[in-house]
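Each of the next two complexes has chain A plus one more chain, namely chain B in the first and chain C in the second.
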Partner chain A sequence: MSSYYLTIIGTRDNPLYEVEFSSFKPNSSSTSSSASASSIPGRAQFAPDVREILPFIANSSLDIIDDSQWSTSNFNLGRVDSFYGLVVNAFITQGNVKFVLCYDNVGSGTNSKYDDNLIRQFFIDVNDLYVKCLLNPFYRVNDAIVSPEFDIKVKLLARKYF
Partner chain B sequence: MPTPELIGLISLKSLNFYQVSTNDFENIVPDIVYVESLLRIIKFKIGIYLGGNESKGNLLDNIVRSTKLSSKLNLIDTNYFTKSDILINIDNIFKLQLVDLPILDQCRIYCTLATMYTDLGMLRKRAFILRFLLVALLPKLEQTFLNENPDIQNNLSLITGIRDEVQSIRDIFEYLFLIYGINLQSESSAEDSSKHSEKSWLSLQIQVLRLCLQIAESMKDYQFLLQLGTILLTRYSHCLPPDDQIKLKNKIDSLIYLSNRNNLNLTTPYWDPFLVRRVQFINPRDKDEIVPFPEYDKNSSQIGGLVSEVKINGNGHSNSNGNGNGNGNGNGNSNTNTNTNSFLFDPYNKVDEKSVFNKDKLLLKDEVYQLKVHVQNPFAFEIELVDIEIITESDFKVQTLKNHIRSYSKGINNKSRSVTNTNLKKITSSTASTTSVVVPPPSTMSTTNSASNIIPASLTVSGSSTEIFLIAFKPLQVGDLKIIGFNIQVGTCSPQLFKIIDQELFSSSFKVKSIGINENLFVNNQKHNTLEMVETNLKNGNINDRSSVRQLNLQVIPPQPSLSLTKSSISNGWLMLLEGEIYKFSITLTNHSEVLINYLSFSFWDSCIEPLNKKLSGSTGNQSLPASDIYEIEWNLLKVKPFRILNKEAISEHHRTIQPGTEIKIDYEVIGKRGMKESKLILEYSHKRSDELTNSFIKHIHVPLNLTILSSVDIVGCDIIPLFSSSLQGFEGEYINDGKEENLKDVLKFITNIIDSNDKEIGDYCLFILDVRNFWNEKLACHFDYHISCDEKFSVNEIIEPGKTSRLLIPIKRIGVDVDLTKDIPSLRNKQFIKNYLMSEAEDLQMKELFWLRYYILESLSGYWETIDNKRKGKIELRTIRLTPKMANVLEFSKIRLLTSIIGEINKSTVKKESSHYLLKVDEFYTLKTIITNEVNHQIKGILRHLPISMNLITPGNNINLIKSQLSIDKKILINGVLQRSIPTLNSGDTIEIELSFLVLEKGEYEWGTVLDVLNKEGLQIVGREPIYITAS
Partner chain C sequence: MSKSSKYNGDDIWKNNVEKINSELFTLTYGSVVAQLCRDFNNNYHEVNNQLDKMGYNIGLRLIEEFLAKTGVRRCQTFRETSEIISKIGFKIFLNIVPTIENWSSDNKTCSLILPEPNPLTEFVELPITTDSKISKELWYSQILCGVLRGALQMVQLDVDVNFVKDVLRGDDRTEIRLKLNKVLKDEIPAGED
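Up next, the complex of A and B:
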């Protein structure tokens, strides 16, 4: 059962939105069944020291995102970075706002292609939500997104895809 | 095969072999070997990549000797290695557990990685790696420092000189600060502030700072620790939970304590540069207590009040304002005559603004004043103000009375809230020592601990709240005092300047899009020192870009005299007066100040002034009052003076100046004016400097007087009737002997005198009747005087019972001989004449006539009353007299006069007269002489008509025809001539005598009237004032 950390980063390296969640699908591997039984579905299970550095990882991956946005015409940049088993996928919007998803790919090493596709879909849907948020006349670019509606919808998407 | 490609292949192979070896526990390659080789390969690849992906001789040379590449080339991802290749290689390193390696190896690896990222232009990655390095170093550092210096005493010596490792770690911190945006100066620049709050990753910044704190603590780098605490509290207090804030504060306090004990000279500024939010000046005086002289002059030269001035000193500046306005600022009363130069209003003629003082902000030198200072505390912990000092612009000397600083809101129950003058006086005298505060160098501030310099305990501001403090101060210099801020020491922090905050400045317009980290940040990398910047910003109050600041501008003037009332002969300030009563009293004033008074002027105010002024100012446009009413109001305002100073001369003689400590006695006379409820004696005084008038100020003292005015004698009615020789004849016998009707007797005597005199005509006089009522509950003796001419006077003395009305008769001379009754009604305020078009010409003429007739009557008539025991005495209000057109008709002297008399036909002898009756003999010839005098300024012509009638047969109730026949003079008087005849044209000033001879046939009484119809003036009919009465026997 992997954990995810999604952050939306504005044009000035400022976080607009941060959320942590984990896969809602029951883990197939029997070894971690005892651990997952005690945990609540959807709650991220990063180790405390990892949790601490997640924003740093997201921040440092911006360097690579800045580079790789010029090498592809897709908004989805795919897997851009990794650090100690944490994988970073990124998506860039037309307004140069970045979606960065960090996750630990424990047990899902085999079907990474499948995962990438899911993540791409997830990003596209989050982008829809973000654009809707942007349409709000009271929202300025680079403002933090504090709307609970947005939060719930993102979590619903997470539940749908992961 | 080119070298780069070959090396690429070899590296691929070797890495592959390594992967294989991991499965074999026997032949496993140590991680360090693998990492080292990887690093070397990456280094080589980066070298080639940076060199333009071409294998040149000098490029390889550069890589091997690790010299710097000469110039920056275009980075292209072709040929040998791409950037992503290199990054994948770097990722491989992180697949290993580097944490398990020895610390030295870890450091080397991290440092190498950091340089690689730098080469690739990945600054955030570099920062990330450096943070990792610090995290890895932290436990080791703690150990090292503990082992090296187990006791603190030795340890402290290290801090005095910064060691190399400390410096290098600080450099790393500085780099992190730059990358994570901690260097934004949110406390001093509006742009940085909005970036700070919206456009930065606060959680990252706080984490970095926490790490720094931990490292600094383990290294015992106290100065750095203090600075970190400062930056956290200054820039991130809004993100820190209260517990953390309190912990930080305690940490800083203990550090300062440690430093003070060991003389390390560690200081920290206070963390909130916006401490002082607002400053208010508390003016203990009334707004108008001190008035600058030029302004005062301007006001007092306005007409429309009741100022009578006595100037004590003659030195220069004659102030010719006999009739200034009593209430100072002549509201409503126009200032038409103030601009002597310009006839018309000139909108471009600007008043000189310079001389205008803000009266609210006038301070006296050496007097104690208070400021209300609003102080904020945004932190979770309580702060304590240890020291406060007022900072002024351009070295203006001000003494802050530190032992009188107190909390405003907490001291509400105390008496200290309302600071009275006397209170302040005590303060002044108790603080003997003075401290002069000179700004800007804060070091010059004196720190002598005299009594006034000890701040009373507990000037605290609790967490997340604001507090108001009262700060007492004393200006020690004359001039413009500008308070720019305060030098405040908060808790253990060093004292610093806090400016007065006005408004926060915002800057929200900056570019939305920016790619990558701004390279400019590193251009002058060396000069950046985030932590020191915070400190200097705080210490110097460098906040002008962040918020606008304000100054408190005050005006300090030299000490002014102070005059106060010490004695008054009126008890409790209450007085009961009858209307018109005159009462004398005196007040004594003492100059309590050290300053000489050389100017004193008196004025008065009473409660009647305002309603009248209101009425006057309300009468404009359509609702305007008639000119006569306006005059009446103006007269009441300007001519009725309820107060009079009796010893004016004595004062100006004996007191040219009022010396300090001396007193002055002023005798007053007050007159009970109807409707007056309260009144004030206003004394304006000053120490006038003839050399600098603009720096002289007027102070005033008000002596209030409450009055109850009761009615005394009032004129309830009046009338004017013509006076004939026969008037009042019938009353003669009845009353005259009573002795009661003195008045009637006098009038009869007056009439007789006129009849008897040769040069006076009874027709020139008329009788003025006054109904006088006594409203008071005691007998009042009334006296009226009427000046008939300059040497002739008619007096009436009458005692009126309480509640009774008496009718008084006063013969007065008809008015109009030598005066013009068609003059315009004057304006006592010198207002421009405005023609009232709502009034017809005739009405206007009549109004003027009535006005002037009343005017002359009031001028000649005077009256006063007194009680029988002579205790009370007062004037009778005569202005209640109102004339009607009918009365005016009687009163007005006709310009064309008819005088008739009878003389004997033979030898023109005079005929015998009994009172007003001519005694004629039947069957004798007489001549009726008519004298027509024309005093009009134009010619007249007309017809003279005689109307003799018989009087003796007129009895009421008879047939009308019979009466007519009886009235007829047929067969009773024989006329030698015609009864109607035209008169020749009479020029102005001419007199004509017309004679008519007649013979009385029948005995009896006759009345002979004469009428002149003036032809060239339509409808004008002149009637002889006094008809002739004939008794024929």
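Up next, the complex of A and C:
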């Protein structure tokens, strides 16, 4: 079961939103049954020491994102970085806001192409939500996103794709 | 009602009205409201007042256009007036038809229920988490009240218009209360008798 950490980073490299979750699909591979029974579905299972450095990992990839945005015409930048088994995928919006997704790829590797595709779809849908949020007259660019509705919709997307 | 069916809001909407992109309209109005909130330092009562005043000034002029496009004749009763407002007025300017309910026994007070989605409030979400005051004080679509008040005043109807419910605030529906105070007489200016 993979855990994911999604963060949205504004144009001045300021954090706008973050969320942690894990895949909702039951894993066929070797997770011990007692551990998965006690865990809540969707609860991220990063080790505590990894968990506290997640924002750093996401932010340390910003330079790479800035560089790689010029090498492709796609908004989805794909896999940009990895850090001790954590993979970092990124997406950049038309307004230069970045979505960064860090995840530990436990048990994947064989189907990484499939994962990347899912993540691409996920990013596109999150971008839709972000644009809706941006259309709200009370929201200004680079404000933190605190709307509970946005939060729920992102989590629903996470559930749909992962 | 027989009288109002004579004028067809649908036809006028289709053939005789200039239309603009609804998102442009929604976002423009949204920017106005948000800017007012900033200008008055989130004093929402004042924002309501300003919106009402802007609407009033629109209404004073809009009634001329309304009469020119529709050719509506003088209404006999306030009930008839309300029908015209909802089925023709709202229809040709906003392409929505509010329902009219809650008549008081003296036929002078009624409610307009705006259907969802309200074209003014698409995409809008009040920032309740950062400012809890806003959902108690701001009437986001207050400009509509001003428009109605202004337009009706020009046809000799003195009315009070105010919001009592708004879906944006978490209410079950959006409701405007309309109260007829009196029918104004065409008065001769003082000193000319």
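One rule holds in what follows: the second predicted complex is superposed on the first by the 159 of 162 C-alpha atoms of A that agree within 3 Å, B and C clash if a C-alpha of one lies under 4 Å from a C-alpha of the other, contacts with A are read in each partner's own complex, and residues count from 1 in each chain.
Rule of thumb we're sticking to: a contact is a pair of C-beta atoms (placed from the backbone, for glycine too) under 8 Å apart; a residue touches a chain by one contact, two chains touch by 3 or more.
Just so it is clear, the structure is predicted and the values come from calculations on it, not from any experiment.
Enquirer: So, does A:F75 touch the first partner chain B, the second partner chain C, both, or neither?
Expert: In the superposition, A:F75 contacts neither chain B nor chain C.
Enquirer: After the superposition on A, what does A:N136 contact: first (chain B), second (chain C), both or neither?
Expert: second
Enquirer: With both structures superposed, pick whichever of chain B and chain C touches the larger number of chain A residues.
Expert: Touching more of chain A: B.
Enquirer: Should A:Y84 be classified as contacting the first partner (chain B), the second (chain C), both, or neither?
Expert: first
Enquirer: Tell me which partner A:E149 touches in the superposition: chain B (first), chain C (second), both or neither.
Expert: In the superposed model, A:E149 contacts chain C only, not chain B.
Enquirer: Both chain B and chain C touch chain A; at which residues?
Expert: Common interface on chain A, chain B vs chain C: nothing in common.
Enquirer: Any idea which chain B residues touch chain A in the complex?
Expert: Within the complex, chain B touches chain A at residues 77, 83-84, 87, 91, 94-95, 117, 121-125, 127-128, 131, 180-181, 195, 198-201, 203-204, 207, 512-517.
Enquirer: In the complex formed with chain C, which residues of chain A make contact?
Expert: Against chain C, chain A makes touches at 132, 135-139, 146-149.
Enquirer: So in the complex, which bits of chain C are touching chain A?
Expert: Contact set of chain C toward chain A: 23, 27, 30-31, 33-34, 37, 123-127, 129-130.
Enquirer: Of all residues in chain A, which touch chain B in the complex?
Expert: Where chain A meets chain B, its residues are 10-15, 52, 55-57, 59-60, 62-64, 66-68, 71, 81-85, 95-96, 141-144.
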